[in-house]
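Listed below are the structures to be examined.
One chain, subunit A, appears in both complexes that follow, with subunit B as partner in the first and subunit C in the second.
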Partner chain A sequence: MWRYTLKRLIQGIITIWFIATATFFAMHNVPGDPLINDRSVTEDIRANLEAKYGLNRPTHEQYLIYMGNILRGDFGISFTQKNRMVNDIIREHFPVSAILGILAVVFAGLGGVLWGALTALYRNRLPDVIIMFLVILGISVPSFVVAAIAQLTLVNLNDLFGFSVLPVAGWGTLWHMLVPSMVLGLGTMAYLTRLMRSSMLEIVNSDFIRTAKAKGLPPTRIFTTHQLRNAILPVITVLGPSIAAITTGGFVVELVFAIPGLGRYFVQAVQQLDYTVIMGTTVFYGAFLVFMVIVVDLLYGWIDPRVRLE
Partner chain B sequence: MSDAITSEDSLTRAAGRQLLTFAFFAIAGIALLMVGLAWASSLTGAASGGNNAVDPETGTLTVFLREEPPQLNSSLSTDQVSGSVLGHVIEGLLRYDEHNRLVTAVAERWEIREHGATFWLRQDALWSDGEPVTAHDFVFAWKTGLDPANASEYAFILYAIKNGEAINRGELPTSTIGARAIDDHTLEVDFERPLAYFDKLVAFSTYAPLREDFYLATSGAYGADADKILYNGPFVIESWVHGASLRMRKNPLYWDRERAKVEVIDFAYITSDANATLNLFKDDKIAYATLQAENLNNAMEQRWHIDRFMDGSVFYIEFNHREGRLTANHHLRKAMQLATDSAELVYKVTKLPGYLPGESLFPVWLQGVDGYLREEYPANYPAMDLEQARWHLEQAKAELGIDEFPPLVLLTGDNPISNIQAEYYQQVFRKNLGLDLKIDKQIFKQRLAKMLSGDFDLVLAGWGPDYDDPLTFGDLFASWNLNNRGQYRNPELDKWVRVAQNEQDTKARMDAFGEIQRIIIDDAVILPGYERGVTYVTHPQMKGMVRRAVGPDPDFTNAWIEG
Partner chain C sequence: MAELQVRLTAADFEPLHTDQEIHSLSRPSLSYWQDAWIRLKANTRAILSLYIVLGLLAFTVLGPLVWDVDPAAQDVDQISLPPGADRTATIVAPYAPWSGGSVLPAAEGLRLAETPNSENVRLLWDPVPGAASYSVYRSLFDVGEDRALGLPLVDLFGADAVRFEDRLDLSPRTYHYSVLARDADGTELDFQTLEVQVSRVITAEQALERGLIDSLNDVQIGDEVLMPLHPFGTDYLGRDMLSRLMHGARVSLFIGIAAPLLYVLFGVFYGSTAGFIGGRIDQALMRFADFVVALPFLLFMILFKIAFGIGPGESGILPMLVALVLLSWPATSRLVRGQILQIREEGYINASRLLGAKNGYLVVRHMIPNTMGVILVTLTFAVPSAIFTEAFLSFIGMGVAPPTPSWGSMCNEGIKTMLTTPHELIFPALFISITVLAFNLLGDGLRDALDARMRSTE
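What follows is the complex of A and B.
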């Protein structure tokens, strides 16, 4: 178990190093750089800026300096937010994205399991048909559409009641979180519902369920201990990457609901070619993803003892 | 299977009940989790929103910012959002009033001569820590802007001051700047060369004062946070939560206390999503919002208060005039000019409210001698004429010695309006001239890099004003201008730009702009597309909000709440 964990951790570190290196060179090879702006600057100002940010050195030298700084935990200073440390940007804005993400994952996970189980129980009957229709919608409608519709619904709801039932946008209280996190989790919830449904259906016809029925176990026991517990395994597997995807993919939701999360820095940095922020957020999110995958693998062994960790 | 249905059904029912119990626990769990997360998020302090759009009781106006200001150091700031925020909290020598006239600010009177200017500063202008604003603060700010070590992107606007350019190139020390504090309240400036519009320059934020001791005490982080800025404007920034909100309160030490009418301006939301801001407006959470074309009818049905203004920018196709490029050929450019109709683009294709069809490099709102420049010097833009256009195309083919034009590369940005425009031009040139365009869609920085290196035939470009004088557009295609990315070179145009820069007489300067306009159209240097307009809705109780093409926009300094 410990050996396995250690091995995974080392693999993870190599993965993160690879992500950092690939991003660094890809970023330096696209046309343009963070110093180009709407107003052209003279050669002299440009030279000053390059010297200030160390961009006048050869790329491989910049790479070594940058890697050295990362090892010390210093992601540098943003090019667009000229006086802000990338570390500060991550520290201030990641918690917001994380809170939104955790809630979205919980919505998605619990919702996916419950709806999936329900559709499997009532397969080919009305609840199944309705829910599976919604699931298809949830998977195929992009989040910016869902976010916009959800927000418009909130506006109309508040208008209908004549007072603010739920805030339309903003951040800070419990009520600000509810709708954005549901919107953020919707796609994953739909995906998990489908996964849970098929996994339940597969298990219903398996031998051990027949055995359980034959030996006269009460239906609730069969359902909970044998069906649900086994059917949930594939859901757990995809949950790890889902957490990372949801937490990093909040850009649209953060923009529409004016939420001060890290997602918009992540996307805007790419548009602005803000080297330090691109590197900082990519390495950070990469590490986060790797960590989540390891955690899920360890959890897997705990939920299903048949899985050997080695 | 039929005999098994009853037992299956009983299992289903039992399991269904079980699921219901689980669902109940799940909802309870989520509720608990939310309470916990709400507590956790209160620790991060990133709260925003909640108030109504206007609150007459506390005098609070709630609005939004399109983007987070990158930083608020007036000598380094370049973007429009920072400009708008700085316009509320920092005051320069002169400022624009609600009718966009230049009026006194920190300077109570001023005198502009051919080779220099003198500003007499008012005694009662104070910094937010109670110290007086002095002439030294301006000299320090200008040195800071020009100091090559600070690499300010807007240093060029300070080149009007004697030795400004040489200091910025590192050829002279900052102490040689042609600006002196005669005493605490008298500021004298020498010009690099005769200049008729210096008063318009000093209203720009790069010319705003900075106090040396405070600036140095922040050790390079001036303008990074609300407590790392010294204010002297009608408002001070009370709190600035990065990415979330920015809140201003009336400055009790401001010399003209009557000017600010509201107590608090709360920029409670930061989002560039136009639908989100409109939804916030509908929900009575913000006092103004920009309208998109698709919302215009709805806004009229709702009987909202709709306003519009020209934001000052012009957009056009810029040709690549570099030697060896097909688009360097005069006849090819003429052919393309005569094959397009900007009115069709604006009214039938983009259909954005408030936009005007482009005809000239100079937008309609610029002032001429007595009235508008464009009324005194009409553009006389040639109407679409396909016969002429095809004749020019044949001439071009003959001159270039080719039978068929290869596809031309049209470089564009990746926003929706650029896409629509690019496709429109692609179709128009194919239909009218049989010319093929290859669209090269690039994100912001990549597009700029390709423009700089000349990796295009045509590019969808635009220009917004820095100061309120036609020269802010007029020198764009001068051969020495770094923003002349198509590298158009024409000695005659250069000559007229020099006249516009150095001449003291207004009529002679405006004549020069008339000539520049004529050359740009005759030689088809650019193909004007549109002048950008903005249509927006305002809260019925909010009055006095100012929109402007040059200077801080939007400006809530004079805004008040009715009722």
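What follows is the complex of A and C.
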């Protein structure tokens, strides 16, 4: 167990190092010039700016400085937002994204398990048909379209009632978080519902369920302790990749709902070619995702001892 | 004890009657693919999806031949036009400056001086005693109680400034004009609002210029001409939606089909090599695949797009394709490797080997055909995810460069005018959704038909 954990952590660190290196060289390869946006830059100013940002040094030296700074947890200063540290941007806006993401994961997980179990119980009957139709729809409609439709619905709903039932955009209260996190979690929820349904149906036919029935356990007990608990395992396996999907999906949802999360800043930085912010947030996001996948994998071994961690 | 006498005659040694019927097959034997096809045909949803996919391909490939409109051409007379809108335009005389007169019967309050048309809207109102300035606003929606006034058009100073001519970007639709009278301190004195239905007009010269008529003599003032047809409407720059959807389909479906095809092919090659060779090399190859899987996919797509930026005149399809292929192959290679490892131990492989089959022959003749079902299912499920990736990247502005249309970038443009002209978002979104839905259902059907082990418990 500990050996496995250590091995995974080392692998994770190598992956993060690669992400950081790839980010550095990708940014170096960008056509154009980070200082070209400012008009009327004279030679002197340019030289000063290059010296300030260390752009006049050879590439390998810049790489070492960059890596050293990352190890110290310093991502530098934003190019477009003057006097704003990338660390501050992450510290300020990541919690917003994290809350949104956690809510979305909870929503997707609970919803997926619940709907999946329900469809398996009512197999081929009306609830199953309706939910599976919605699930197929949820898998097929891109998140930004769902976000747009949700926003439009909110506008009309507020119009209909004549007062603000739920805020259409922005951030602050729990009410602001409700709809965006549901939109963000929807695709994952649809996916988890399908997974949960097929794993439930598989378990219904297994021997231990028959034994449980034979020894006279009440159906609710069979359902909760035997079926549900075993069927949930595959859902937990895909939770790792789902966290990645929800994190990156957050970029779009934050954009549409005007939520001041890190995703929106990342997209803005990408559009404005804010080098340091792109580098900082990419490394941060990359490290976060790699770490989350490791955590979920370890968690899986802990929940299901049958899975040998090697 | 009586001896049991058994008398055997020659007839007892006659062979029994052999029943030919037992040995003959009741039905002709079916190959794997024939069986799969029969199963697929029984699945109505999958067959329907197959027809939709074929229809989409026809829409993409043949569509632009039938509907030969340049997707970048702007029809400036018909901007953000919803589908099925009235196309008629009335010929009017060339523009003449307005002296302030009114041809419509005089009325009280805010009123029109002439029939409003898309060339100009001429407003008149009564002077308000004590007013120092009048502000004119124009809104697309009913002003309502909370006074959503809309676009401020002008501030007119002086008590006698009681007329205004609006020529700003008018399109044939309903506008709500409001006039706000203020005194010298800025205190509101009077507020009036008027609903105006603007009709489309065009001068004979413009009609000639746009190619709507052959010569100036063909029409007289008051005649009606038909504007160019846009079956799906136009976007915010007046570009034909149908043509853009067709050309956008080329980008979206090209990426959606070419990228999975390439990376599944590479994954098959990589996975079968690793699975067949086995041992250390297999371990090393799979370690590398695990490494690529661990990379955050969309972050790297974005990084790749930034690093290999789009030069002038390029569409940026190729970098996206390369990035997709580079990052997506490991899943297929893992799957194929697993299959190959399983098949390698089968009896028929040993039999084939005994008969002198070489390694290459074994892989190509036995192993890959036997994994073909799994590969095909992977391929079908890879298409929707590639289309989603393209749409996602184009939506955040990291995808295909304008003016090249793609469904994702069209959604990105359409979402900005979602409230006023929803068709600009609805059509591309609908196309993405239908395509993804069709490929998903087709994938489900193929999985059920091709792979007994993966058959879903439905």
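Of note:
Heads up, the rule we're going with is that the second predicted complex is superposed on the first by the 295 of 310 C-alpha atoms of A that agree within 3 Å, B and C clash if a C-alpha of one lies under 4 Å from a C-alpha of the other, contacts with A are read in each partner's own complex, and residues count from 1 in each chain.
Rule of thumb we're sticking to: a contact is a pair of C-beta atoms (placed from the backbone, for glycine too) under 8 Å apart; a residue touches a chain by one contact, two chains touch by 3 or more.
Keep in mind it's a predicted model, so treat the numbers as computed, not measured.
Clashing of subunit B with subunit C is the outcome of superposition onto subunit A.
More residues of subunit A are in touch with B than with the other of subunit B and subunit C. By the touch criterion defined above, A:Ser140 reaches subunit C but does not reach subunit B.
When both complexes are overlaid on chain A, the residue A:Thr188 reaches neither subunit B nor subunit C. Once the two complexes are laid over each other on the shared chain, residue contacts for A:Asn230 go to neither subunit B nor subunit C. In the superposition on chain A, A:Leu201 contacts subunit C only, with no contact to subunit B. In the superposition on chain A, contact is made by A:Leu255 with both subunit B and subunit C.
Once the two complexes are overlaid on the shared chain, A:Val30 sits against subunit B and subunit C alike. Once chain A of one complex is fitted onto chain A of the other, the partner contacts of A:Ser242 are absent, as it touches neither subunit B nor subunit C. Of the two partner chains placed by superposition, only subunit B is touched by A:Lys82; subunit C is not. Residue contacts after overlaying the shared chain place A:Thr276 against neither subunit B nor subunit C.
Subunit A uses residues 30-32, 148, 151-152, 155, 255-256, 270-271, 273 to touch subunit B in one structure and subunit C in the other.
Interface of subunit B with subunit A (complex): residues 10-12, 14-19, 22-23, 26, 29-30, 33-35, 37-38, 40-42, 44, 46-50, 64, 68, 70-71, 73, 76, 78, 148-156, 168-170, 220-224, 241-244, 268-273, 275-276, 279-280, 282-283, 285, 442-450, 452-453, 455, 482-483, 485.
On the side of subunit A, the complex with subunit B involves touching residues 30-34, 36-42, 44-45, 48-49, 52, 80-84, 89, 92-93, 95-96, 99, 102-103, 106-107, 110, 114, 117-118, 121-122, 148, 151-152, 154-155, 158-159, 164, 167-174, 176-178, 218-220, 222-224, 227, 255-258, 260-261, 264-265, 270-273.
Residues 290-291, 294-300, 302-304, 306-309, 311, 384, 388, 391-392, 395-398, 408, 411-412, 415, 418-419, 422, 425, 429, 432-434, 436-437, 440-441, 456-457 of subunit C are the ones that touch subunit A when the two sit in their complex. Against subunit C, in their complex, subunit A makes its touches with residues 11-12, 14-15, 18-19, 22-23, 25-27, 29-32, 136-137, 139-145, 148, 151-152, 155, 198, 201-202, 244, 248, 251-252, 255-256, 267, 270-271, 273, 278, 282, 285-286, 289-290, 293.
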